[in-house]
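Presented below are the structures under discussion, each in the form of structure tokens.
Heads up, the next two complexes both have chain A, just with different partners, chain B and then chain C.
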Partner chain A sequence: MFCEKAIELIRELHRMGDGQLPAFNEDSIRQVLEEMKALYEQNQSDVNEAKTEGKSELIPTIKFRHCCLLRNQRCIAAYLYDRLLRIRALRWEYGSVLPTTIRFHMCAEEMEWFNQYKKSLATYMRSIGGEEGLDITQDMKPPKSLYIEVRCLKDHGEFEIDDGTVILLKKNSQHFLPRWKCEQLIRQGVLEHVIS
Partner chain B sequence: MDAQSYMPIPPGIGMEENFFSLDDILLSHERLPCRTESAFPRLGFLEKSSETRDIPEGTKMEMPLWLAKGLYERKRRVVSVELPKVYREGWRTVFGADPAVVDLHKMGPYYYGLGSQMLHFDSPENTEIANTILQTFIGRFRRTMDSSQNAYNEDTSALVERLDCLERTLFKAGQSGLNSFQLWEKGRSSHLTASSLVINYRKRKITDLQA
Partner chain C sequence: MADGLSEGSDLSAGEEGQEDVLTPAELITKLEEAWLNEKFSPELLENKSELVECVMEQLTHMEENLQRVRKGDVKASVHRMEIDRIRFVLSSYLRFRLQKIEKFFPHVLEKEKSRADGDPSFLSPEEFAFAKEYLANTEVYLRAVALKHMPPNLQNIDMLKAVPEPCLDSFVFLRVKERQENILVEPETDEQREYVVDLDEGSQHLMRYRTIAPLVSSGAVQLI
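The block that comes next holds the complex of A and B.
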């Protein structure tokens, strides 16, 4: 049956229900496009034959192939769209700089989309909350205090806080830091929020 | 509570499909027993048992739902779709007797979704089918909701085993609500945590390295 390759793309994404981004499957997409090209050309030729020689019995077959074309189109469109939803989520979960392993999973156009999305978000955030703008990617959970206790989960080097002090983030070191400075690093798994 | 940043397109409601929904695409991949009501020239190679160049009229073959939906026409006879066993009278009586005991995952796994889609094919039994699906859902919903709201921090595989995909989504939503509430009750809702996406990526990277 046609469209078996296309459904594999969908299964690949469906397997990762938590929103992870698998590598861009350029190979499968190319195969689906090739199948679509073949179906389209066969239909073109049959349509001409049906018109010029009056072979109306070809119509069910033409319809059949057309259904397959639409199905392949739907699968590819949904595949690309769902990947964009995952890439969008990356901006909110990881921040604006993505680790290289994830970047390798994106095709050039997706990287471009990510950059544009980042820009749109930044522009929007600058436009609200008065002069300095408002970082809406912060305070995802209701804050209870200005300063929090954090433990370093891995070496992250030097870290400067607002009053100019430089902190060395070494694995297992504990610090008492402003909440807003730590939030991103906690989300990224570099620091751990310690509650006594 | 995990802030959900990845928001996939959900499946459609009732007889509608959502074009971009991965669940709906997988659902419409399910195969149905069909009968061709006209010949399909030059497509004989698709039908394993046919040695001819064409698929003759009257061939019994399995078609995926998406194809059956695309080819089906109310007025013209192009293809006719048989009701899968689960939606026929025999099973409908079983569901009517006690919907809660049936293993809908084995019968489906898309019992409600596929059942709703079957209504597109103008079967004379449509009213009964629609009614059975609805009553089955009503009969099972209470138990699904109860178990999802009470299973805290335990292995839920036994509870989820016999649920179809729609019920599993509901169960998951219930669990998510329950966990969030428990976190709030413990005063941990302001506890900042690493993004679960980040954690999962890291877990995968480690297994990739080990492979």
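The block that comes next holds the complex of A and C.
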């Protein structure tokens, strides 16, 4: 059956659930594109035949193939676009540098899109309200208290807070830090918010 | 919330003086209203760049004042908290806008294109630049990965059709700030007829966004 590969692509994304990025399925995409090429060529020759020899019984087949072509196009676009949305969400979650495991699942063009997106976003954020701009990827949750208790999950090295104090973020150490400095690190999985 | 702002000196909205002078408390109230409206309306609302600029100025001002406070002063942490809260509202407001721009980018740009010269723009210049880049970037990407390998008659995708439009028929909660008379409510089903309602000041309603969209932009109702 036509379009089966294309549907399979959509299912694959659907199965992964929100926020996860499966490996870029180049192989299936190539197969769908090949199927489209074949359908198009068959249609071309049938159209010629229908025109020159007046075979009007070919027209329903041509229409059917064209629908399959449109469906394939739509499925591929949906697959690619949905992946972009997932990649976009990753920018907000991890900051501008993605973990290698995720980068491994992206194709070169997606990487390019991501870099461009990053640039647009940075330009936008710099331009907010004049001088230095505003990082809107921070302050994701309404603040409840100024300082929070955090535990280090990984060795992260030295970390400077606003008043100039430098602390050492060592694995399994616990600290009482200003919330606005930790948000990013918590999202990156370096720190964990300890809720007692 | 406004108490924490008392330290900020008087601040006027809009440097060109085309607007009334706002106290910091009024400024923050305005920001909160804009934030809630943007959060609950299905479509992108008019931009409020001036408001954003004023709040940013106010934040910088408060940060500066905070530098002068002695270390360990209780006042400092109260103000710090206040700054954090305002910054959260501001960031959240801009995030909602950006999300809508990304979600509806072809429609947002189309609306901007068809806007008459005198009308206020929905996008701030920065947002407009962002939306254009986003569209171009996405188109280039789709072309490079798939579309250019497709048969010649299928190499274009009409973004306006492919990307969903904002659903203006979704229902929103609202509170009335200025009394409105004779609001025409369109029927929801075929059996119903259209009817008119009066909205009393202070009353709360659940209505279709499309019906009250003009009232949201004029500030007569507040989405909640």
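Keep in mind that, in the parts below, the second predicted complex is superposed on the first by the 188 of 196 C-alpha atoms of A that agree within 3 Å, B and C clash if a C-alpha of one lies under 4 Å from a C-alpha of the other, contacts with A are read in each partner's own complex, and residues count from 1 in each chain.
Everything that follows uses one rule, which is that a residue touches a chain if its C-beta (ideal position, glycine included) is under 8 Å from a C-beta of that chain, and two chains touch if they have at least 3 such contacts.
What you see is a predicted model, and the numbers here were worked out from it, not measured in a lab.
**Q** Between chain B (first) and chain C (second), which does A:Glu57 come into contact with in this model arrangement: first, second, both, or neither?
**A** In the superposition, A:Glu57 contacts chain B only.
**Q** What is the contact status of A:Lys170 with respect to chain B (first) and chain C (second): first, second, both, or neither?
**A** neither
**Q** In the superposed arrangement, does A:Glu183 touch chain B (first), chain C (second), both or neither?
**A** First partner only, chain B.
**Q** According to the contact criterion defined above, which of chain B and chain C contacts more residues of chain A?
**A** Of the two chains, more chain A residues are contacted by B.
**Q** Have a look at where A:Ser127 lands relative to chain B and chain C in the superposition and call it first, second, both or neither.
**A** Only chain C is touched by A:Ser127; chain B is not.
**Q** Return first, second, both or neither, reflecting whether A:Tyr94 touches chain B, chain C, both chains, or no partner chain.
**A** A:Tyr94 contacts chain B only, not chain C.
**Q** In the overlay, answer first, second, both or neither for which of chain B and chain C A:Arg151 touches.
**A** Neither partner.
**Q** Kindly classify A:His14 by the partners it touches after superposition: chain B alone (first), chain C alone (second), both, or neither?
**A** The first partner, chain B, only.
**Q** With both complexes overlaid on chain A, does A:Ala77 touch chain B (first), chain C (second), both or neither?
**A** Touch status of A:Ala77: both partners.
**Q** Is A:Glu109 contacted by the first partner chain B, the second partner chain C, both or neither?
**A** Once the two structures are laid over each other on A, A:Glu109 reaches chain C alone.
**Q** What part of chain A is shared between its chain B contacts and its chain C contacts?
**A** Residues 70, 74, 77, 81, 88, 141-143, 179 of chain A touch both chain B and chain C.
**Q** Can you check the complex and tell me which residues of chain C touch chain A?
**A** Residues 52-53, 55-57, 60, 71, 77, 80-81, 84-85, 87-88, 90-92, 94-95, 98, 102, 126-127, 129-130, 133-134, 137-138, 140-142, 144-146, 149-151, 153-154, 157, 162.
**Q** Considering the complex alone, what residue numbers of chain A touch chain C?
**A** For chain A paired with chain C, touching residues are 29, 33, 36-37, 40, 69-70, 73-74, 76-77, 80-81, 84, 88, 107, 109-110, 112-113, 116-117, 120-121, 123-124, 127-131, 134-136, 138-139, 141-143, 145-146, 163, 179-180.
**Q** What does chain A use to touch chain B in their complex?
**A** 1-3, 7, 10-11, 13-14, 18-20, 46, 57-58, 60-61, 63-64, 66-68, 70-71, 74-75, 77-78, 81-82, 85-86, 88-90, 92-94, 99, 101-102, 140-144, 148, 179, 182-183, 186-189, 192-193, 195
**Q** Touching chain A in the complex: which residues of chain B?
**A** That would be residues 1, 3, 5-9, 19-23, 25-26, 29, 38-43, 46, 64, 66-67, 70-71, 78, 188-202, 204-205 of chain B.
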